[in-house]
Structure formats: C-alpha cells, structure tokens
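Paired with chain B in one complex and with chain C in the other, chain A is shared by the two complexes that follow.
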Partner chain A sequence: MPTPFTSPISATELQTNFDAHTSALTTQATEGQKYQQMEVEVDFLGSGTEIFTRTCDFTPQDDLELIALGLSKEGGVGGILISLELKQQGDSTEYALDKEWKVSFTTAGLGAEHSRTGFIDPTGDRLTLKRGVTYSLELTSDTVAAIDRVYGFILLKSRRRRR
Partner chain B sequence: MISLMPHTFRTGETLDPERINDSLLAAEVDVSDVLDQRFTYSQAAYDIGAVTQADTDDLRSIFLQLPPGIALQVVGVEFIFYESTGAVPWTITPSITGLLPATATPTAIDTRTVAMSRGVGNLANLGGLGVTLSAPSASTISGGRIIVHFRGDRGANAANYRSYKPIQLNAGSADTAAVLDATLDNIGTSVADSAAATTDLRVHSYSKRNIPAGTYEWRLPSTGARFISLHTWLCASAGSVNWIVRNEAAAGAVAQYTVGNAAAGTGSTDYNSASSVVTQSLNNPLTFADDWTVELVVTGGVELAYAVLYSS
Partner chain C sequence: MKINIADMTQRNIRKLPSQEIGVRPGFRRLFSAGAGRTIVSAFSVKNIHSEEVRHYIVDSATDETAFVSGSADPKITIYDENFVPWQVYDIRSNKRPSVVTHAVIIDQIMISSPDFDTVWGIVGSALTRAEKVDSVNPATTALDVPRGICAAWTHRCVIADGPNIYVSDGVTLQGGSPRTFVAFNVQAVSAGPIYGMHVTAGGSLVVCATEGVFALPESANASGQIVLPDWQKLSDHQTLSYNSSAHALGRLYGLTRRGFALIDQEMGTEVPLDDPYQPRGYGRRVQRPDWREGRIYPTQRGPLCTDEVGAFHLADIHESQRSWHTMTHDQEEAKVRGTLRQRDGDELLVTEQGVYRWEGNFDGVTALDSENADEVQGVAAHTVQAPPESSPTVRYLHVGADNTSGNILMAHRGTKRDAPGSGTQRGLVIGTSSWDTGETYMPPALRSLRGAYADPTDDVAIEVGAEKPLTRINTACEVQVEGIDVQRPTGR
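Take a look at the complex of A and B:
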C-alpha cells in the first residue's frame, strides 16, 4: 500500500507508490486463470458400446485452454486398450487443429487404473477450445469384453472475460 | 495484462505535473482493465440416459441451488439426445426467466438430436434452477446429456466493486502531496475491491442414473482450486447415498465435505449441502498422488443421484 507523501515529494515516494499499485494490479490480472473439468462415464464399456452412452458433447460458451485428459477404469481384465479422445463434433477437424487429442492405456488387470496426458508443454501441441464450436469427449475400447466402469475427464483453463 | 503505469521518476529531475497526470491516467486504464475482467464461464454436464416420457418429473429434471451470497447467470442449456422411436419430439424447459424452452425432433432411431435453450437467466442468491425434459408420447432417451452453461460475475458478487477516476494536477494545484495521497488511496481502494472480488464462480457436476449399491469415485486433479460448497440431490424410491470429497493421499485423504441423502420416495427429491472454504494446497494436475477424489457411496441402489461442486 502507498506510503503518505510528504512535502517536498521525492521521486522515490512517487515510484514506490505507483509500483505498489502496479504490482497489485498485475497479481489481480492473473488470479482469474483457473481450472475446470468435465466428465464422461460409462458402465460396461466394450468395443460394441453405443456411441450415445460413451460420449459427451458440449459447446463451450467461452474459449477454454486444454490442459489435460484423464482416463480411469475399474474392473475388467488385462490387455484391453481403452482411450478418451477429444474431437471436434462431426466430420470436421479444423477446430481440433487436425490433430489427435487423446489419452489411452492398455489395462493391466482387474483393479483401478489411471492415465493422464497433459497438453501444457510449451514446445508441444496446445489447443484452445473455441466458443461456439461443439466438441466431443469419446471413450473407446478395442475389445468386446466389457470393463465394469470407465470414466474420463477433460481439464480446462479459463480466464476472466469482459463479456 | 501489461501494466501501463508508472513513468519512472528520478531524483534530480524537475517534476512536471503532466508526468504525474500521465501516470494517474495510466493507473485508471490499468484499474479498468482489471475490473472489466469480471466474467468467468463454466459448464455442468448431466447424464440423461434411459429417461422415459413416463418417468416422474424428478427423474426428468435437474436442479441447481446457489450457495449463499453468490450470483450466477445461466447463458444457455444444451440438450443432446438419442431417442428410441426416432420420431417423438422432446422439450427442455428451464425454470427461470430469460431462458426459452427448446424442442427437437429426432429424424431416426438413436440419431444424434440437439436442442439449445438460449438466453440469459439470472440465478438469485439461494434461488434455484430447474431444467425439465418432457415428451408428448411414449418415448425413451437412449443416451445423451444436458449441458448447462454458466457465467459467474465477480463484480456482482463483491460488496464494493467500482472504477476509479483520477484527479488531475495542474500548475495551480495546492497541497500537491495531499492531492496525490487522496488519488493514490482511491486507486488502492479499487485494487482492494478487485482483490476482494475473488468469486470467479465455477460449477463442477457429477451425475449417475440407475446406480447399483457400491462405491464410485471420480478424480479431482490438484489445481490449487478453492472449493466453497457441495450440493447433492437424490431421486429414489428407496436407498441412500453419501457424497464425500477427500483431499490428496499424502494429506491422509481426509474428508473435506461429506453430504448424505436419503430416499424421499418415488417422485420426490432429497436435497442436501455442505458449505465451507477448502483449498487444494497443490497444483500438480498430472500427478495422481496429488489428486483429490469425489466419492459416491450408494446403499440399496438408487434411480438418480447428482452433485454440484462449486469452486471460486
């Protein structure tokens, strides 16, 4: 906080007081960057599971930065490849930058297992979900045999906006 | 934000009021830039798989209550569904003024069908939102989601939230030190008001239908999140549930919120909540060991349970 000025006003006083506010404002400007997530979940996921039970479509109302995709499962057997993929809904891919945004792993056995892929490497691929564009979170399995429960999440970063 | 203020003031230089004025005006822009950044968006997804036209209203609806002292807007409700007959139209009807009902008719069995309720609806403090699905004839929704889009306004959530107008000095300004003190104090007040308005409210939802007895877990990656409330609903003819939010394993996986619901009977919903500020001390979203968890413990089997976790 500023220190009271005295006469004559010194350059240091001016600098200190303005700097205090600049610092506080800069901190404020970055505090609005926070995270949110959405889930998609299906009981008994197999390769034949209907698309409508293993996808979650959504249309962001604001631009959102993709931070990570997470995938977990409970039950099932080993050797099944499961995935969670973020896609642009429909046949187009331009708002997914024509790239694959995915986390997947091959199950090891019966217990709970988790995997996560981050998209925060400054030199790696990054994606901003655009407002008004519909995206799909889709769970898939490469095997007919069902896994008891599979759930995935998308972790997003949003910022404060003027509108 | 790239700060505009201040000029660099150096000892020995002649202090020109214009330079101070420039800094004060730059401060006004900086303060406005920060205060104008007041809105944050989030969305909550609700599972509607296996909903039928004959279900009770409670099973065809989702509800939302606000934590005390919070204002939130709903800026749209997406309704994406796949229907079993391929011909029956379904309608979503939000309960608050400003959001219009929306109807869509499938063109074939289990074909992706979309309706969007548009508009802006204000959720008053402690007021609620209900979104109800309905169809005119026998029909089952094979799968789909309702996505509710929210906009939090930290300006509306703060007791004081105002912009700052600088005083401008000139050669005739008397008692410059006092004038500067007052002006810098005004900037400081605006900055403090902005700092107090931390309620960038975001909504996280969890929902599950036709749930057998058991324990179900979701992961909450560590992101330094500040949670303020957990609200839970149960629509069931029998049975009960417990929702538990636990912190990371290294901190003992201690329950931060525990909220229970008991079945209120067919056609009725039980609502419960817990409110307190709990903050994730870590920000390592890719490290499993640092995750928090959301746990749903179901006793007896229930038709529909859902929860909303608020963070700010």
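Take a look at the complex of A and C:
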C-alpha cells in the first residue's frame, strides 16, 4: 500500500489507499461472520422402539443469530411426524422471545426426505441466541416406527466484531 | 465600530475544535427513509455482549391522506451498523406515533408509545408485542402491559399512561421481568397528564406533567418489589405536549413560550429562540409565537430544538455557543426526529427524511461524494445599537474568513454585498503538493473583504459570515458609519 508520505502523493494513490483500507475492513467484517452448526441425530430405530426424543443442550459463548433449522430422514415408513425444535432450557422462554422455533414434516414413505426453515427474512421471525443462555435442540417423532436415520441441525451465525 | 461575531445570533456556525468560530461541518447522508415513508423516531442500543450497535428507526407512511383508510402503517425497523435491515416489526396501528420512547433494562428492551401496544425484545435479538409475565412474587398479580411513554429506572421499566405511573418488577439475579406490572406499583402522581419522563444524573425518575416537574428519588426503589411513592416537586414548569422536555448533559430542559429553559429547578434560565427583528438577506428569520409546540431532543452537545420552521437549534453547552442550523439537501427540511450513536460514540442526526453524519467539508447525499449544489452559509446576524439622535450612514462592512472558494457574506438590512473569498491555500493539495522538507505548509490565513454601502438608517442591522463548511471566520467584524445625515432616513 502506498503511503501518503511518498512524494508527491497523487489523487490516484490516495484513492488506492482508501480502497485498500475499505477492502481490509470488508475482509475483516466477512471473517468476523462465522457460521456454526449444531446437530442432533437418531440412528437405526427398530420397529419396537418407543416414540423417540433426542435432545442436545448447548450454551453459546457469544451472541449467535439463528439462520436456519433443518431436518432430514432416511428409510422408514410414511405417516410419521418428525420435528426439530429449538427451546430455551428451563421454565423461562424470554430468550426465545416466547415463540416456537420449529421445523417439522410428515414422512411420505421409504427414502430420503428433508425440510428446512430459514430465519433470515427481516419481515419474518428472527432470533438471536444470547451468550450464556442454555438452549435445547429437540428431535422428536410422534409414532412408533422403524426408521434408519433422522438428522436435525441448526445453523447459526456470529456477528462481526472486528473493525 | 467593532462587533464580536461570537455575541451575534448565529446560523450554521459552530466553534471549531481550536475554539474559533467557523461554518458548521457538512451533513453527509448515510441513510434515506424509504419511498413514501417518514421517520418518526430513532435511537441506538449497544449490545453488551458483542458490542455491536443496532439502530432502531420508527417510520410511517408520509401521505397524511392515507390515514383516513387506516394505513399509517407504522413500523419499527432494526438496522445493523451499516443500515442493513435486520428485523421489520409491524406495529399494527393506524396512527402515526406522536412520540416513541424506549427503555433498556440490562439486555431487554421495551419500546412504548401512547399510540401503539408496548413492544418488548432482547437487545441484539428481535422485537415482539409485550405480553404480561407473572411476577416472581406469587402474592401479586400481573397486569396487562400498559401503553404510554417509558423510561428505564433502577433495573425497572416505568411506563406513564396519562396521569398514572406503572413501575415494573426489577430485573435481578433472582428473576423479575420488565413486563411484570403489579397493582401495588401503580402510582398517581397528582401532576396531571404526564408528557415527559426521564432519569436524571442523580438517579431520580423525573416526570414532566401539566402541573409541574416531579422527581422520585432512587432510594424509593430500595424497599423490595414495591416502590415507595416518595414524589418531590422540582418546579412549576408546565409540560403540555410530548417531545417538549429532554434530559441532556445531566440537566433537564423544557420548551417554553419564548424558547427553552432548565426545568429541573425553579426559575431556570430561559434561552429565547427567536432571531433578532431585522430583515434577512441569507435565509428567513426564525420566529414562532409559541415554541412549546416544537420539539426538543437531547444530544451529546446539549439540547436540540426543532420545529416546522425547516431548521433546528443546537445549544452547545460545553462550548457556550448556540446556533440555528439549516440543511442544503434538496427537499430536506431539517425536521429532527432523534439521534443515533455509532459504536465509537459518534452521534448521527436523524431527520424525517434521513440519517446524517455531521462532519467533513461539504453537505452531500452520500458519505464521500455528491456535494450539494447549494452552499452551506454560516451567517451571524445582529442589530447594532446606534444612538437615535445620530441617524448614521452605514458606509462599509469588513468581514474576514479563510475560505479559498465560496463567498464571504455580508449584508446590511438584507442588501447583500458578498464576494468570493480570497484565502490562499497553504495546506496539502492532492495531486499537486510534494511532501518535502523544503516545502512549508500552514493553515489557510484569514482574508478580509470590504462591502460598500451608503445607507442612512436609524436601525443598523447586519449579517456577516462565509460559505463552505469548516471555513474559519474572523471573530471580529467592522461596521464603518459616517456621521449625521442632513435628513432623517426615510426608506431604511
């Protein structure tokens, strides 16, 4: 990067300096946006297995924006309602804004199926998971049935902190 | 006679960091209201965890006739630091909010107005309608969250609805929510309708009402869930409308008939806002029959008064300087509706039409280029005391400034004699200057101009100043008059 103390400095060089500076800021801003993923999974359920619930608790160490909830399944039969829900652990719901954050679908039959819901539309529901608050990711079904695999994930993003 | 510009009524003038008088910095527009939208209110909140700042901007439909069909369509939009929208919250009201207040209680935010249901959210997260939350004290019953104006006080949210004060449960490590309001904490202050609510430097909750200004000391909070009604009257100042009181730099200011005054004590000094009674060559004279119909907002420099006059008045308390300010942006009327704050503390000015950073050497519609066609004119006006028996003839005005382009401004009784400034640029010029030990650079020097008149008058009224933001103006200007005219002046 040319320095302003070279002699003489031209308007072009000054603009180059400015562009380099803004470019560095943009790069740092992008680097500061880190995506994270949490997963919860159920494998190889026999037909005699009870209705399943699998929970994964986690406590963010930084504020994290909720980007999407996703759910997929392999094998099994049709007519099973499977859900993935994000909850605040404990009795309180204020850090989940007292709302339900959920993705679900009813299986159609054998084979891979999936569904996901994004939460990045400014006019829709949005949520930031707060640092130090414990949340649960809960994967459930409503029917006793054999199923090869059910997989749920949550995609999160930390906001940029560098300048 | 020599006249000190610092003692004159000022417009678009600010003290430079070097304590000299100069033309105000430029307004650079960072954000524009959406098409057909008018900004109603705005504020910024910093996230205590990530240090990120979020800007909350409340706007509604500009078209007044749309209100008839119930589509004022007010919305609260949360923007990130680059004004990228993060959440648009539909207020679901058919009225343009007359006032919008907010309270931040640790990491929870309450946004309230008499014109829509109170909104609650988490700082850094989203907003939603505030629903009542049961109290952690099972012996008390939660009321519905009231409407009104709000303030954050001792980790509680306080909402004033008409003459009543609703104080929420405190937010503590043991629990408690700013959405929990119980009947024991509803207080009637006997002050009439409340139009302003603030927390002062000593931690007192202060309400501005039609019957005076009343304070509740911070110690009233110390008895547990229930707040003691220990109200004390501070002054008899009558507050008659929303947005007519503001807490700035530790003191409370309120609009009065003639201007604004300190209202946290009796007999507070009143600052008149009207311009002197004289014909103006540069912009209209600012005058209102009653300033209580205007608005006053707190800023980092002091109270800011604004109205429908198309200008705003900023009193810089630290610099002991005050000035009216106008904007050169097309269709912009400088109706201020609040301020925003950036992460590094810089304050942004919000008008009905946009958000502006207040720095740099030109007014523009973007941060770095697009200079406006109209020049920023820093002008000081004054009616000079002249002995009535003399009927002097004004002959010359001498004014100095350091601008290398743009005019030096001078006028007597509205007759202008401005001319291009003749300052010499001695600083660095991009593309021309060499950084060399043999070169000497120094700040631009003041250069004076003289304007000639032959105005016999009993009423000497001058305007002096310069164009271009950050131009330094000579604090002293000279008015030369000649002796008694053989005839009394007729026209002037």
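As a convention for this text, the second predicted complex is superposed on the first by the 121 of 163 C-alpha atoms of A that agree within 3 Å, B and C clash if a C-alpha of one lies under 4 Å from a C-alpha of the other, contacts with A are read in each partner's own complex, and residues count from 1 in each chain.
Assume contacts are C-beta pairs under 8 Å (C-beta built on N, C-alpha and C of every residue); 3 or more make two chains touch, one makes a residue touch a chain.
In this text, all values refer to a predicted model and were calculated from it rather than measured experimentally.
J.: Just checking: does A:Asp62 make contact with chain B only, chain C only, both, or neither of them? Give me first, second, both or neither.
T.: In the superposition, A:Asp62 touches chain B and chain C alike.
J.: With the two complexes superposed on chain A, say which partner A:Arg126 touches: chain B (first), chain C (second), both, or neither.
T.: Second partner only, chain C.
J.: Taking the superposition on A as described, I'd like to know which of chain B and chain C A:Tyr95 touches: first, second, both or neither.
T.: Only chain C is touched by A:Tyr95; chain B is not.
J.: Of chain B and chain C, which one contacts the greater number of residues in chain A?
T.: Residues of chain A touched, chain B against chain C: more for B.
J.: Tell me the contact category for A:Phe52 with respect to chain B and chain C: first, second, both or neither.
T.: Only chain B is touched by A:Phe52; chain C is not.
J.: Common interface residues of chain A with chain B and chain C?
T.: Of chain A, residues 4-7, 9-11, 14, 62, 158-161, 163 contact chain B in one complex and chain C in the other.
J.: What residues of chain A sit close enough to touch chain B in their complex?
T.: Counting only chain A, the residues touching chain B are 1-2, 4-7, 9-12, 14-15, 17-22, 24-32, 34-41, 50, 52-53, 56-62, 64, 67-68, 70, 72, 74, 112, 114, 116, 118, 149, 151, 153, 155, 158-163.
J.: Give the list of chain B residues in touch with chain A in this complex.
T.: 1, 3, 5-6, 8-13, 15, 20, 23, 27, 30-31, 33-34, 36-43, 45, 47, 49, 75-76, 78, 80-82, 110, 112, 114, 116, 142-145, 147, 149, 151, 154, 176-178, 180-181, 184-185, 187-188, 191, 194-195, 198, 200, 202, 204, 206, 208, 216-221, 223, 225, 285-286, 288, 311
J.: Can you list the chain C residues touching chain A in their complex?
T.: Where chain C meets chain A, its residues are 47, 49-52, 77, 80, 85-88, 90, 107-108, 121-122, 124-126, 128, 131, 133, 177, 343, 430-436.
J.: In the complex formed with chain C, which residues of chain A make contact?
T.: Those residues of chain A that touch chain C are 4-11, 14, 62-63, 94-95, 97-99, 122-123, 125-128, 130-131, 158-161, 163.
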